[in-house]
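Residue numbering begins at 1 within each chain, and the chains themselves are lettered A, B and C in the order written.
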Amino acid sequence: MPVLSDKIIQIQLKTKSPKMEPIPKQPTPFQAAPPRPAPSAGGTQIPQTIPPERVIIQSKDFSFYYGSRPGVEKITLDIEAGSVTAIIGPSGCGKSTFLRCINRMNDLIPRTHAEGLLAVGGQDVYDKQTNLVNLRQQVGMVFQRPNPFAKSIYDNIAYGPRLQGIRRRSQLDAIVEQCLKDAALWNEVKDDLSKSALALSGGQQQRLCIARTLANKPKVILMDEPCSALDPLATFRIEELIAALKGAYTIVIVTHNMQQAARISDRTAFFCLGKLIEYNRTDVLFTNPSRKETEDYITGRFG
Amino acid sequence: MKTKLRQIQNSGFTFVCTSSVWLLTAALLLFLLPMLVKGSQAVFFQRTVEFDKMQKKLFKRGDEKTLQTLITETEAARRPALALLDQFSRGIDIAPLQKTARAAYQQYGRHLRYRGVSGELYTQRRNLARRLRDDFLQAVQETDKSRAQALLDNIDSQRSNPDFRQTPMEALFSLSERYRQILQEIDLTQRARYAAELDLVKTEMRNLLGPLPSEPEPPLPQERFGAARWDIAQKHLHNLLYQTQWVPAGDGSKQLIARQIRRDDPAEGIFAGTALAPLFPMMEQNLPAMLKPRPTVYWQYFFDDSTAGHYFGGAGPEILGTLLLTVLSMILAVPIGVLSAAYLVEYASDGIINRIIRTCINTLAGVPSIVYGLFGLAFFVLLTGKPCILSASMTLALLVLPVIIRASEEAIRAVPRSYKEASLSLGAGKFRTFLSVTLPAAGPGILTGIILSLSRAAGETAPILFAGAVALGPVPKIGLKPDWLFQPTRALSYGCYDITVGDRMAMLVPHNQFGMALTLILLVILLNITAILLRWRMSKKLQGL
Amino acid sequence: MAAASNQKDPAAAQFSRPLRLSFRDDMRSTLAAFLVRAFLLAVTACSVLAVLLIFIFVIRQAAPFFTEPGVSAVGRLKEFLISPRWFPEHPAAPEYGALAIIVGSLYVTLTSLLIAVPTGLLAAVFLSDIASFSVRQICKPIIEILAAIPSVAYGVFAVMLVAPWLQQHLGFSTGTNALNASLILSIMAMPTIISVAEDALSAVGRDIREASYGLGATRAETMLRVVIPAAHSGILAAVILGMMRAVGETMVVWMASGNAAQIPSPWWDLSQSVRTMTATIAGELGEVPKETAHFHSLFAVGLLLLVFTFCLNLVSEYLMAQMKRIAGR
């Protein structure tokens, strides 16, 4: 069944856009069921513990409160540079809250505060002296619902570079083309870049949002359930894209879809009720969870 | 049974609710339709040759040659009627004769001084001339024919006096000759009876055809032309044909009602049987030929200046003034309003300061417009030194400020948070995000608010009553030098008021009263429809998202 | 925290732009944020300033009326509020009794509300509960246009068309009277009443309606017994806002009410001319010389008007807040 659907999707893709460039071959077999060994980036085995020089995001006893209610509590985990890390958990468990803390997106919500340490590249993001502009430029974010600006495709992607002061048209053109190619959207939109971004389909919009993030040349991309509003075909395209981006970017993805986490991530963190229950290599977490709650959740016996 | 009753109650309730909306719609139509019909007559009407003359003279508009042909044609049609009137009024209306006699005497005095005649001789000749003049003045007033003849003979006896030969006094002699002839024709006893009515007839003739041929150019522009519009011509024609008599409504009744009697009515008409009687049917039949009514679209109504009291011309300066006032008030109010809204949405927390600010904005929205007028007079006029465009605009700006703040706040609040998040996650600062993402997304909403407050500012009268609106005044000349800011201006809203209750002259031109009100209504409705359409498109766009 | 920033992590080197603000940047951004905030606050404070200035300047011009040398302030105030004799232009003994014009204002306002409140409320019920979506889409612009028509245009309508009609068909001695002004005012107050009352009715949630319908009530019963009582504070706010609109209206009452400073007697005789506070200000301020008692007395009338609407405003704000609380519950 999974194999069959895989084929169908391939066929559909071919019929839909025959001129599409071949997607770079990635070791991303399309399998649905969890236990399976996680694919390793570049073929090397993922180490159980991350060597300190490869830690890009470090969280230590980090808590975040909405008013007096904790959104996440005492989170301690490290994220490796260049890897894909998935955060799973039941809804309301604080996984999105944690993700949004990494680039301080929660600032928009009034009456919130953070405790403990959450460092990106060695800089505590909740420190007063954090350069928020640089942080958010280099820790990009893709949201649950695609949220392109009501501007043209071109202007959407050029938004970040323009903020950084790039004004030369040729330079912007190059960035736009490169980012759209990286986000596997170029072939679909190259003929009318001046079209409104709102006219694209949901999946295309989400890839545009990823391309928009890429245009900022981030080190880390945070993805907050990027596929939840999309159909399976579009989800497949996004997952392919994530696999292609791995290595060059550190990706942290929040998902409610365990299969997706298993398919694409190197490491997985399981959150429940605002707490980090378990954090391990994906293959280990899904085959051999060390905590009862994790096992209950991934086998579907969760309350 | 109970159920039935409840159903009846329910459908009755529905009916009453529905009919109240119908009532409202009916009220709107009842208001709009008459205004539309009557107001459109300011632009769509039948113009007469007098209209063309007025346009040529006051606005330098129209083709000289066609106008000349028109004038020749109409003059030909008018000639018999005017001749009739002139003939009849020669005996009745003695004012022109008296005037000429007085003028001759005065000129003679000047003539003597010019010739260097002085001293005894001067006094003697002058006294003689005065005696002749007085004789003539008495002769024309004399109701007894023979006594008048005697006085005229008296004058004639001096005709051969060499002192008067080749002097202005010769005019007096020829005048006396002419009056001698008139004297043969007319019945002097009727003079008193006809004089007052003839005056009315002459006024109406002037209203219809412009100044009579023998008269000099009147000083007021509204008297220089006859009826420029066919509807007005007909009104004057009616006044010409009928005399109004107030009679008791019934036997012993104190209430009087008006009765219209034709002036040439054989039984009761005052001019029945006189030489003037043929004038009335002549005017009735030949008026189209005298005035040449043609349908016209006077679109220049929206640009033309007007003569005093809006008797002729359009509402151009009023429209210009309204536009100036509203645009200027927007320039003052929009930045403050939008920035205030930005602060209220993006920065304000639920503190006491925020509560005070909100209460103040609500208060500002509730202050009666006339109190704004008082404040404008007590404060802004103090700032500018005198009532002027600037002080009026500032008053209006204050008036629309709460409208703009509320509309902008709502629009900014309606921008989805995901927009802001997208921008922030790309590394834009808070202010940058507001300028480049939130503001453009809220733009249509803010624009809607601005258009609505434009219409509000255009329609308000009370705030500008004392702060810079005038009924009559020069048209502001907009230029780089800000002098025009410190002049008062006419405005549509104030013009509407003034022309309806303030100006006696305007009562004669109802089409202008309605026309100006309609212009204001259309301006406001146009702005509102733009806002409604804009909002409609916006909601469609949001639904499409 | 200190440990994290001191950590020598090679991964940190990957970030091309420093994540930590330099001291200068920190100061600059803090300062910029503060300045932007202060600037916006200052701009927003313009509204507060405007309200203060309005009160200060109207009071400043009204004060000489009460402190005029030779008259006692209390006596002036008493005359102002109790005497119905408004003869400020009398050369020898001017009288400043504002009672007649205060009564005139309330008179036309209340009579107009007598028409506007029932009609407006029923129309609001229609829009919120009876009309289909498409009918509402048509009705809303109609009401908006009704609200947008300038008062002076209504005034022209009242003088030129309503007044002659009243005179001819109802046999009034003058067409510009209390009835004329009230009729037009009710049309002007209605859009306000409708839109606020509709908001109030919509704020009462669908669940309450469904509960009532679920118990077998008809629409009339649901509206009259459940929804309207639940929305009473919002509806009251609607009435008060409509009243503010009517009391503050100038041009229509000036043009249509006949401007006779008298208390109608008998009190129900709508065919008599009355004069309101707004019309008095509008009609007389343009003619009086500055710095005279008459001039200042008009500002006193304005002050009375201002205080009155201010109080109404506070009440309506309180009611609106209550409405929001009910809706939020």
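Definition applied: a contact is a pair of C-beta atoms (placed from the backbone, for glycine too) under 8 Å apart; a residue touches a chain by one contact, two chains touch by 3 or more.
Note that this is a predicted model, so its numbers are computed, not measured.
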Chain of greatest Cα-centre distance to subunit C:
A
Chain closest to the assembly centre - both centres taken as Cα means:
C
Interchain centroid distance [CA atoms averaged], subunit B/subunit C, Å
33
Which integer distance in Å separates the CA centroid of subunit A from that of subunit B?
72
Would you kindly tell me how far, in whole Å, the mean C-alpha position of subunit C lies from that of subunit A?
53
Per-residue multi-chain contacts in subunit B, two or more chains
none
Check each residue of subunit C and list the ones that touch at least two other chains.
none
Of all the residues in subunit A, which ones touch at least 2 other chains?
134-135, 137-138
Can you list the subunit A residues touching subunit B in their complex?
103, 105, 107-108, 110, 132-138, 140-141, 143, 145, 147-150, 159-160, 163-164, 198, 209, 212-213, 216
Going by the contact rule set out above, which residues of subunit A touch subunit C in the complex?
52-56, 58, 60, 81, 117, 119-125, 127-131, 134-135, 137-138, 217, 219
Enumerate the contact residues on subunit C facing subunit A in the complex.
1, 3-5, 7, 9-12, 14-21, 25-26
Spell out the residues on subunit B that touch subunit C in their complex, using ranges where they run on.
6-7, 9-10, 12-14, 16-18, 20-21, 23-25, 27-28, 31, 34-35, 38, 335-336, 339-340, 342-344, 347-348, 353, 356-357, 359-364, 366-375, 377-379, 398, 401-402, 405, 430-431, 452, 455-456, 458-462, 465-466, 493-494, 496-497, 500-501, 510, 513-514, 517, 520-521, 524-525, 527-529, 532
Note which residues of subunit B are touching subunit A in the complex, please.
349, 416-429, 432, 436-437, 440-441, 544-545
